[in-house]
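Some structures are shown below for you to check.
Heads up, the next two complexes both have chain A, just with different partners, chain B and then chain C.
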Partner chain A sequence: MAWTRQILRVNLTEGTCIAEPLNMDWANQYLGQRGLATRYLVEEVDPKVDALAPENKMIMATGPLTGTMASTGGRYSVITKSPLTGAVACSNSGGFFGAELKNAGWDMIIFEGKAASPMYLHIENESATLVDASDLWGKSCWETDELLHAKHQDPQIRVACVGRSAESGCLYSAIINDLHRAAGRSGVGTVMASKNLKAVSVRGTLGVGNIKDPARFMKSVKAGKKVLAENPVTGEGLPALGTQVLMNVINEVGAMPTRNMQEVQFEGASKISGEAMLEPRASDGKPNLTRNGGCFACTIACGRISTIDREHFSVKDKPQYWGNSGGLEYEAAWALGSDTGVDDLDALTYVNFICNEDGMDPISFGATVAAAMELYEKGVITTQHTGGMELKFGSAEALCWAVEQSATGEGFGADINLGSRRLCEKYGRPELSMTVKGQEFPAYDPRGIQGMGLTYATSNRGACHLRGYTVSSEILGVPEKTDPLTTDGKAGLVKAFQDATAAVDSAGLCIFTTFAWSLDDISPQIDAACDGDWSPERLVEVGERVWQLERDFNMKAGMTGADDTLPDRLLKDAAKTGPASGKVCELGNMLPEYYQLRGWSADGNLTAETRSKFGLPS
Partner chain B sequence: MKITFKLYATLQHLLPAHAVDNAVEVEVEKDISLHQVIDKFSVNRADAHLVLVNGRYFDCEGRDEPGVLVEGDVVAVWPPVAGG
Partner chain C sequence: MQKSLSIDPGKCTGCLQCEMACSLENEGVFNTAKSRIKVFTFHEEGKFVPYTCTQCDEAWCMHACPVDAIVVNAATGSKDVISDLCVGCKVCTIACPFGTVNYNADSGKVVKCDLCGGDPQCVDACPTDAITYVDANATGLDKMRQWAEKTDNTVGS
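And then the complex of A and B:
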């Protein structure tokens, strides 16, 4: 269905669940999901609020195409103020939860306040009930999922929940849905746990409806699926190797952040790559990869379902981890692998399982462990801090130990769970934190991919690749190849990617469709589903409006243009190997032009003219 | 002269059995073009989307040009790929 035109407001302080109509004026301006929920957040939350105070709100939002037959139309996002960054948080997840929520008749859920004791929200179509979750508190995401299915005796309910890491205050905790899909970044799970909300379980049987022109919609959806099937990336490459196909590519071009971004190439990359996941292992002759997997309505199916070698030290005595589960994806493989210097594929798979089981963002976790390893090797952190563990780069044992610590927040886990910025500040070496606005970098070193430096510096949720993936153009040649080592034209390229991404994120679709689809493929699907005229031009306008609104929230939260920067390591220490050898990220060459294209002042503030152009709230 | 040839993703099955970490060392003529290197491994030229020489992208237009490689160069080839 397109918009159900109904949202659910859950006040955890009062214990109430109240339906209210969707603000259609805002839907017409912001489309859905990321954009529309941000509009609600801006209206209802003081940007300066403490992210973990009851006054912060958390919104689970679907897009108009979520729950439809449009390929990948199963996404939902979690929008709130981030405890990790202090900026707007918007984390997008696949799986089946979002589509189930939509099929229950809800465009979004707004959670406000804080429950006096642990609760979960159970939804069966129009019925929404807050239920005591005392028995779930202290359980992992996997246990919670299983217990809720058993309790409700319904194998088809979908569960989104937080694990023990979020309960213990880990600042990069995710919300896990369907066992191994995650609204992963910026600590949205931490906010959920701060409200004493353990889980949301949902069953929706109302089906698909409310499509403006069903015949035209099905025709455009079919055309879109044909494009995805015939494209070599979405039809062949992603199902076969998943995102992990990038491990060797990014290492070869010299943009693989390694050992807390001290280097740009990892000698062990091939051992933890998508290709390596296909290699039969010595012990049982089976490869790490069991099969690919798809989210709701997805015709790409890039997901990885894998197993760990039963003889591996991490699971030898833990048969509960012998079955298959989600991962590795490239972002996890990079952060857990090259950034910590660990080239043990089974260890990374185990650590990724634990991140899913107890709800940690594997990017932030891995990057924080990498920072801790550098602090250890510099003698700042010692075995006295770690309780005896030698936290050396390359130690698979230390990595597996660290994830178990992070999952519960016990021992040194409390330090890791601060995230990289606060950890490095605590130990007096803030310059060793590889973060932007407090969020850890993803898998592309901006010395080797210059446009990504601008993407990171200006991302509204801190360092992130999913706000403007210019890697696609600069490295992969999709849709057109640009030179990764120059800054020319990158301001415009970054802006174009950021705006288009914001539109796709607001529609209920997966950004991976854009490796094959342009907005000319997406627009007919939205236009046939939703009231109004949704041309590609209007989608770009919506995307830019979303971007400006997020920026406005962040500036009101206290950020300034000075926050649009990168760690000195990336701006001053040249890459030592590969094509980018001798280069730093030339952010200063791109930022002024970017501000100009955005309609911001020289110090990065929105001008009155820009605010008026996009109709931003005052 | 000797160069290293690497082949990845859905093309990796075209590598000889003795390849290690998706790479083989190969003896080629000094005036060889990139397309001729790719042909040696039966890779369909249209599938060779991403061609890197020592990590740097090599544009389609220059792939017929002879003598662009020197001893020790690393040629790496991918079909169209993406992720994130």
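And then the complex of A and C:
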């Protein structure tokens, strides 16, 4: 069990909310969350659909362990077709919203159609109602969250919503829950806004029961918590420094993409690192970091809770930003900092706040600004386009200006909100877009970490580190150390990480547990909670099935093997400094072997044999 | 020796493991809505604060109860609700100055922390030792130690 076995279907065109039973055959094949919701998407949505048309659907999905005491068991994902990439989108978020949804008795919500005017969905256990949201439209995520709490007079509801960026059609808009957690990537917020759906507010008081063997479950949960507590990454590094523990490490190995990936090391990295967030500042003697915070059930607590220096130019006259909110994670610090050449910690924290306040993915936003800065420095974009702003690398002022433009989509914001690929195409320089399948890169340069090149090229949602984080092995030595500068064995490594990750996501757990947990730690928790036998081997099989299903959707959407590639800059321009100096990403050495391991043809298509092996729908 | 819950909000990360352990022990499900201990988040201040019954010696709830449904547990010192006697009048929820006795509409009874009979599950679940179960006569020991540590006892100072 562990599933509630009930899903909510919300038809925004018709204005109906209908409960239906969960398809347990699919749950047994795809486990939950990412995998199971993708199975529903594949069944119900034509892969060729326009992502922003009413015919696209958007699914908010929990996993069987969401809402339980399993450490990090509070995740949900948003699955839809992405307007940024045209591929399947699956964006995973923590916070408390996912667990609340489960606590209200729902495994997932399927949104279909489009409302005639702005609406929000309010759920109190079995009661689900669409409510007029015209007073919320035009409000930021933070305002929306506050207004919904006030309206329902219930401090315990949890809210997931979109901000003004999504309303204005920004292609990398996120869905923000609990003020500062995000289903961040691939423009899932853009899809939500396209349906005239402003928010989902949930209060759940039913509880998550149905655990197959409660005593065994609690025993394995306790064992899992112990492993996390005793591991140096999950027990010390992440609580103390957050994911920002990586900033100096990745810079030193020469894999820190800098100034739109022109370089692989950033001279300002130490100023925007996790360590820098602990340094007392001159104005008030307080550090940027107030403390760490955990998502639901998480015993790692990597979350950053930060303040901005009140004297900083970005907030000097804006007291509404003087309090604490979600601080910089490594990905945000990289994209907003290193990739734009800005080393001003307070500016980056401010921009991160705004990304949360109005629902932008800070990776795609930062990387798109970086592309715009390169276009500006090459004389393609001028002050005429920007209304006078000098969009130079390293300019904190330009970065803060850009995020305010992106938040509302006004002025040059309309260009930034296209994302890097469409922006560079619009200005006639597509080769300057650092993207795969239209999605901007995260914070690891594949010239310095070769396996990540293959991860990016083959990721089912475009460039992404969270589909197969071989950094664990290539840099941190987990589960075992491999050489980041060679391609030998990387095809198998990438596949193994991709499959395991898909299984962990589908369970409702956080991928950060895998710094300490192997599937041998995870499987007993799932097995004790869910009906059936959930051995590590079966989880790998489920993970691979999820991967094949996502790939199948993308191929049917019109993608081909030719999309499994990287920008020329990473394939032809060698790294200039650091341990990877002289190296390009040797993707060609890895891709054919990877296709073979996946059971795909030489041009990247699923073979009939592979389709039948995993029982994929036709 | 009697023990007390000792809560150090400075260590709390707001993960709600305590709330789930509480609901599992008392309700048999993971359900933060039914927990006797609650963690409050003060977002702007960047603060998480777990809060539950302090087991008052002269307990307002116990004195207010018209049917004597709240009694002292001699072993632990906790004030326990005898569900069979409770009539759900909610007077104790009004009497408690701290709000830590609450009504459960599903059962028609009130609920409060009973220290799990001497083995508080919130303590066991807390990953950061923000909640501990210590000698009732020395709940200030940790703070005393922290101040003592600041003492400069160098010879001649």
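Note that the second predicted complex is superposed on the first by the 617 of 618 C-alpha atoms of A that agree within 3 Å, B and C clash if a C-alpha of one lies under 4 Å from a C-alpha of the other, contacts with A are read in each partner's own complex, and residues count from 1 in each chain.
Going forward, a contact is a pair of C-beta atoms (placed from the backbone, for glycine too) under 8 Å apart; a residue touches a chain by one contact, two chains touch by 3 or more.
All of these numbers come straight from a predicted model, not from anything done at the bench.
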Quick check for you: in the superposed arrangement, does A:209 touch first (chain B), second (chain C), both or neither? second
State whether A:62 touches chain B only (first), chain C only (second), both chains, or neither. neither
Once the shared chain is lined up, is A:417 touching chain B (first), chain C (second), both, or neither of them? neither
Have a look at where A:29 lands relative to chain B and chain C in the superposition and call it first, second, both or neither. neither
Regarding the shared-chain residue A:314, is it in contact with chain B (first), chain C (second), both, or neither? neither
If you stack the two complexes on chain A, which partner ends up touching A:324: first (chain B), second (chain C), both, or neither? second
Quick check on the superposed pair: does A:297 touch chain B, chain C, both, or neither? Answer first, second, both or neither. second
Could you say whether A:460 touches chain B, chain C, both of them, or neither, answering first, second, both or neither? neither
Interface with chain A, chain B side, in the complex: residues 6, 8-10, 12, 21-22, 47, 49-50, 52, 54-57, 59, 76, 78-84
Once bound in the complex, which stretches of chain A touch chain B? 231-233, 236-238, 240-246, 248-249, 252-254, 270-271, 274-275, 302, 330-331, 465-466, 469, 471-472, 475-478, 481, 483-484, 511-512, 515, 578-579
Which residues of chain A touch chain C once you look at their complex with the stated criterion? 67-69, 71, 96, 99, 103, 156, 179, 204-209, 214, 218, 225, 229, 239, 290-299, 301, 303, 305-307, 323-325
Given the complex, residues on chain C that touch chain A span 13-17, 20-21, 23-24, 27-34, 43-48, 125, 127-128
